[in-house]
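Here the chain labels run A, B, C and D in written order, and each chain numbers its own residues starting at 1.
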Amino acid sequence: MTNLAQLFFDAASLGGLYAMAALGIALIFGVMNLVNFAHGEYIAFCVFALIVPSTDAVAVMLLGRAPALLLVPLVLSLGAAIAIASEYAVFRHLRRADPVAMMISSFALGFVIRNALLAIYGGRPKAISLWPELNTPVAIVGADVPLLQLIVILTTLLVVAGLAGLLKKTRLGLEMRAAAENFTMARLLGVKANVVITGAFALSGALAAAVALIMATQTGVADVRMGGQIMLVAFIATVIGGLGSLPGAVAAGFLIGAASVLLQAFLPLDARPFRDAFLYSLVIVCLLVRPQGLFVPASAKPRV
Amino acid sequence: MSKLGVFDISVRYGKVPAITDLTFHLEEGERVFIAGPNGAGKSSLLNAICGRVPTTHGRIEMDGDLLTGRAPEAIARLGLSMVPEGREIFGSLTVEENLRVGTGIRRDAEAVETDIEEIFAAFPILGERRRAAAGALSGGQQQMLAIGRALMTNPKLMMVDEPSLGLAPKIVDQVYDTLVALQEERGLTLLIVEQSSLRAARVGGRMVLMRGGRIVGEGNAADMADRDALAQAYFGNTQPEAEEVA
Amino acid sequence: MKRLALASAISVLAMPALASDITVGFAIAQSGWLEAYDTPAATAAKIRIDEINANGGLLGRQIKWVEADTKTDRQQSARAGLQVIDEGADMMVVSCDYDFGAPAALSAETEGMVSFFLCAEDVKAGIQGVGPHSFSGSVLAAVQGATMAEWSHAKREARTGYVLLDTTIEYNKGICTGFDWMFPQLDGTEIVGRDTFKNDDASIASQITRIKALPEEPDVIMLCSYIPGAASAVRQIRAAGINSLILNGSAVDGSYWLDATPDLSGFVVPVQGSIYGDDPRPEVETFNVAYEKATGSRPASSYAYPGYVLMDLWAKAVERAGTLDGAAVTAELEKMKGENTAFGPRSFSQELHHQNAAEMQIIEITDGKPAAVDSWTISQPVPLDVLLN
Amino acid sequence: MPSQHAQNRLAAYSTPLILSAVLLAFVLLVVVLDDKALARTAAEALVRVTLVVGLWIFVGNSGVISFGHAGYMAIGAYCSAWLTLKPQSKALFLPDLPPWLMDAQWPVFPAAIASGLLAALVALLSGAAILRLSGIAASIATFAFLAIVNTVYSNWEGVTGATSSVVGLARYVDHWVALAWATAAIVAANLYANSASGLALRATREDEVAARASGIDMYRHRLWSLVISAFFTGISGALLGHSIGVLNPDSFYLGITFISLAMLVVGGIGSLSGAVTGVLLLSLLIELLVRAERGITVGGAEFALPSGSQEILIGVAMIVVLILRPAGLTGGREFKLRLSVPRIPLSQEPTSTN
């Protein structure tokens, strides 16, 4: 049967991707109760930024040609930029609106970004040659792991650790964690709402960009729909993890990734196409058992 | 010029009035209690001053600066600090982190460190548990932490909403002792919502009595406590006239 | 840019329409993701129209066209169909994809009008899913899968096969159906395993792990998917060090996505004609050049060709019937057996308005370079009951 | 002597009258213009009215956002296909249907009712679990429900045809049929909203804790409203199927989920009038933009929007509306007739509608 180590690497790489996306959603939800459905489009936007805008079938690399040392920070800041821009253009004007109106506007914003990408790049998926040298397998603890997969796992760990450090060790991080838990109280202590919200959007956008880079490297394609599925899983992960809990979002992201890989590995062939039905049934069970989330902070109270 | 001036303000929640045409002043270094039954508008007044709820009418000034219309963080930066009802500490943050949230507005980095140590000296239990999650503290400890947190912004005016709520009388004594000591030490101006006029009388200071969103009496806490007792004897336990929104 | 170039190249059509003109209605996607498939095929159809007009027209009349955008939306498709009918269409060309073309085609069917799917490869795109006047210009997906099975067995000694099916759309299942029908019939073959995935899966690591767990690497992997999922799967398969020959359907044709897996080798695609300039039939290259003249670039994939073929076949049938009447034209189309086109012979029957066998060019990618290496026609047509299973 | 109370009730019941009259006027206009594509647009808009009004019965009254209603649509649509398709074509494409269903060939109207009932039954079962949750956890659970329905219907080869479309549905839904169902949905929605259960449920929407304290069994009322809501949503699914003619699970997934929620929120989630307004205005705007893409003549000058700009502009329009009117276009108010009966003096003390 399948090698356990291999299974572990599969689960960790997929879970890591989900965890990063979930973190991006949870950050914004924490500070402004916004379920940002445009997050998937941020991912697509960052992937498309790698190539020259054109409806031609053959993609010409734009940012993608830059050396990694330059490319990574560039794409991360681009992700941050589109997130900040969307906050500035849309969500800033909706701070007093109820979460439903905000959610629907985020969906409308995603719709706008997606269709703009379609109009600019055409409907045909594009190929992206990002770091092809990563396409070599390496042997690790008895498993034959593509270098790519290792890098995905390492990147995830780095990003999560980096973000944890940022949240734990910096002034902005402290303010964001405080704001995520109780936004008004943080403001009463002089924490600037605009700074925290802009910071959260910037980080969230940068996380989307990180996911975009990993997906582009992993799949080698750019497609407008590529962020959608991952965004939905991430959204679910933030709720299962406990709304407002950043560690919860990460843990739940890994959990969903692992569950998905295990189902794929152990379901019989006939049931395998129904994988997602099993996965989402587990989600409902989780919610019924722990409506407040699996990993809720000690002081959590219902927020919505 | 008084420390804090509230001129003719009104606050509404939807169609329900919480405060109607209220005016009052607070002098530098003063200690003022606001007393009154549930729904009198006490918390609403504090929330209006700190910018948490908008006023529909009137203006509020501190040291001549207009507070009305400013964001809560801007008001905090002018030197006003709040210990809210229910304490609202950040449960997932550590005790020390709670204290540091409000220090972003200060320019004196070294003083922050000594202030933190001072607070730990004043509340040794907080010092012992400085790395523990604040959510795990007991109610009294959380109250201390909320006060410490408010102090860390280095305020000129501090507002405390119902510090005795849900605490054992012995703990409440301790909280008030600390508040009074701190005030004397730092020259703070204190505005405290206290439902028990007897308690206010015991601590001492000026007292403002609210009812139905208006001020119905004002004077020395000790005198007022008697009058309040009298009034309650007359009117019974009055029904809340407006929902108090935290 | 492209559209402008096309418009000027076919400037004849810019002339005001005469009352006696024949009108072709295009109810196709001009926006949304399907646009990438519809536009090239529709362009090819217009090139054929242009040629016919230049040769004196059809039944002595010029052909003009009207267009309506389905926006890659089913409801908009139905409306677009009605719109081109209102604008006087005599036949209707609908989207490449069955689901998005059918609502428009059904409107044509209601009017008894002939409709052609640009490049749908599902058996439903025809009598079975629309009605007796509906046709497709392309070759059934199952034929592509069967071609892969027979060719790889004959030319590459494929004996063990692994089937990797992307369950997202019906086209993929059609490819696998053809492979599953043909491969086990051949000598000494065995399907050693199968698995499924979804096109938008962020990773197919566990599917790959299962392949790697096999005692021996399979000779061929039948990958039933489309871009982008297929490109992503190939990249991950090769990254895992699996070197089996990868077989595909026509949907992955085109070098535009090859950057996804640089220096790819051992990757085979069956197509109706080669876009790479090396097709053994000169007519194909003539078309490629005409296409480049009209649009400014060569076709990005072989999916442009069916548009040309369908217009060619329909015009011939109209010429033979001497009328535009749907029933008469359908009858003439159904008489076609091995009718010659630039892209090989085509047949229709009263049971099937689709190609259940066809000459396919075999494109193999070696070191990232695609080239036509062979040509193959399956030894027996795919039976209707296999198609309808 | 009608009290103000009775008058308020009358005014409340005037809402469906006004809304139906608006829809009727809309259809009559289309009939007068005699344009096939426009008539189809109208029929589609009216099917969407049925859907969004169905959605409103649950979302508007309970305040819980549901992402799961497209699932009920799918259930209704496929049910109608099972009941109305010719047995021969079912034997060919859906071979695993049970014999009694295989042989069924119902007329379209009872099939539509049955579709609604099946969706309602599934709502009863799924809601019994999901509605134990509230707030965003409930919303996520409804989404998980949708994903489950979609996965099952996309892969249940012999029964739903999986990703292979179900074909041959009678395309009987024209603007009159759609108008009839839209009106029925509006009337039912209004009756429910003004029933004891509807009023109780709306009280929970305003303040869950207080409503619980006053003894309102929120769970039961939510479940009840979900069942009614799913009935009309299921029917709208059947109508959609019989309007396109081809069924694919993909039609009943995220696209329709979001567009229906967007129409509801843009119109105003708080009122039935908002639900109808949202559908009509957004449908109208989409149609205008589609026509503008095709090219329109303004003052002798021909101009056309570039292809694909309709989607971008409709998204922008939604955002602008929500920024300017976060509570939706109607702001949660109903269209009501102001019934004044001058001969009878109004009673002095203010009374509320409950």
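In this text, a contact is a pair of C-beta atoms (placed from the backbone, for glycine too) under 8 Å apart; a residue touches a chain by one contact, two chains touch by 3 or more.
Here is each chain with its UniProt name: A, D = Branched-chain amino acid ABC transporter permease; B = ABC transporter ATP-binding protein; C = Branched-chain amino acid ABC transporter substrate-binding protein.
Given the structure is predicted, the values throughout are model-derived calculations rather than measurements.
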item: Mutual neighbours - chains that touch chain C and chain D alike; value: A
item: Centre-most chain, if every chain is reduced to its averaged C-alpha atoms; value: A
item: Most widely separated chain from chain A, with each centre as the mean of CA atoms; value: B
item: Contact-richer chain pair (by C-beta pairs counted) among A-B and A-D; value: A-D
item: Between chain B and chain D, centroid-to-centroid distance (C-alpha), Å; value: 50
item: Distance from chain B to chain A - Cα centre to Cα centre, in angstrom; value: 41
item: Approximate Å spacing (C-alpha centroids) for the pair chain B, chain C; value: 74
item: Separation of mean Cα positions, chain D and chain A [Å, integer]; value: 32
item: Multi-partner residues of chain C (each touching 2 or more other chains); value: 31-32, 35, 167
item: Where chain D touches two or more other chains, by residue; value: 154-155, 307-308, 311
item: Chain A residues counted as touching two or more neighbouring chains; value: 118-119, 228, 273, 276
item: Complete list of chain pairs which touch one another; value: A-B, A-C, A-D, C-D
item: Residues of chain C defined as touching chain A within the complex; value: 2, 29, 31-37, 72, 167, 194-196, 198, 200-203, 205-207, 209-210, 212-213, 227-228, 231-232, 235-236, 238-241, 254-263, 297, 300-301
item: Touching residues on chain C, where the partner in the complex is chain D; value: 30-32, 35, 68-69, 71, 74-76, 78-79, 82-83, 85-86, 98-99, 102-103, 106, 110, 122, 124, 128-130, 167-170, 173, 388
item: Of all residues in chain D, those that touch chain C in their complex; value: 35-37, 40-41, 44, 92-93, 154-155, 162-165, 167-168, 171, 243-246, 248, 250-251, 290, 293-294, 307-308, 310-311
item: Sites on chain D touched by chain A in the complex; value: 65, 129-130, 132-137, 140-141, 143-145, 147-148, 151-152, 154-155, 254, 258, 261-262, 265-266, 269, 306-309, 311-312, 314-316, 318-319, 322-323, 326-328
item: Chain B residues touching chain A - in the complex, by the definition given at the top; value: 50-52, 71-73, 76-77, 81-82, 84, 88-93, 97, 100-102, 104-105, 133-136, 149-150, 153
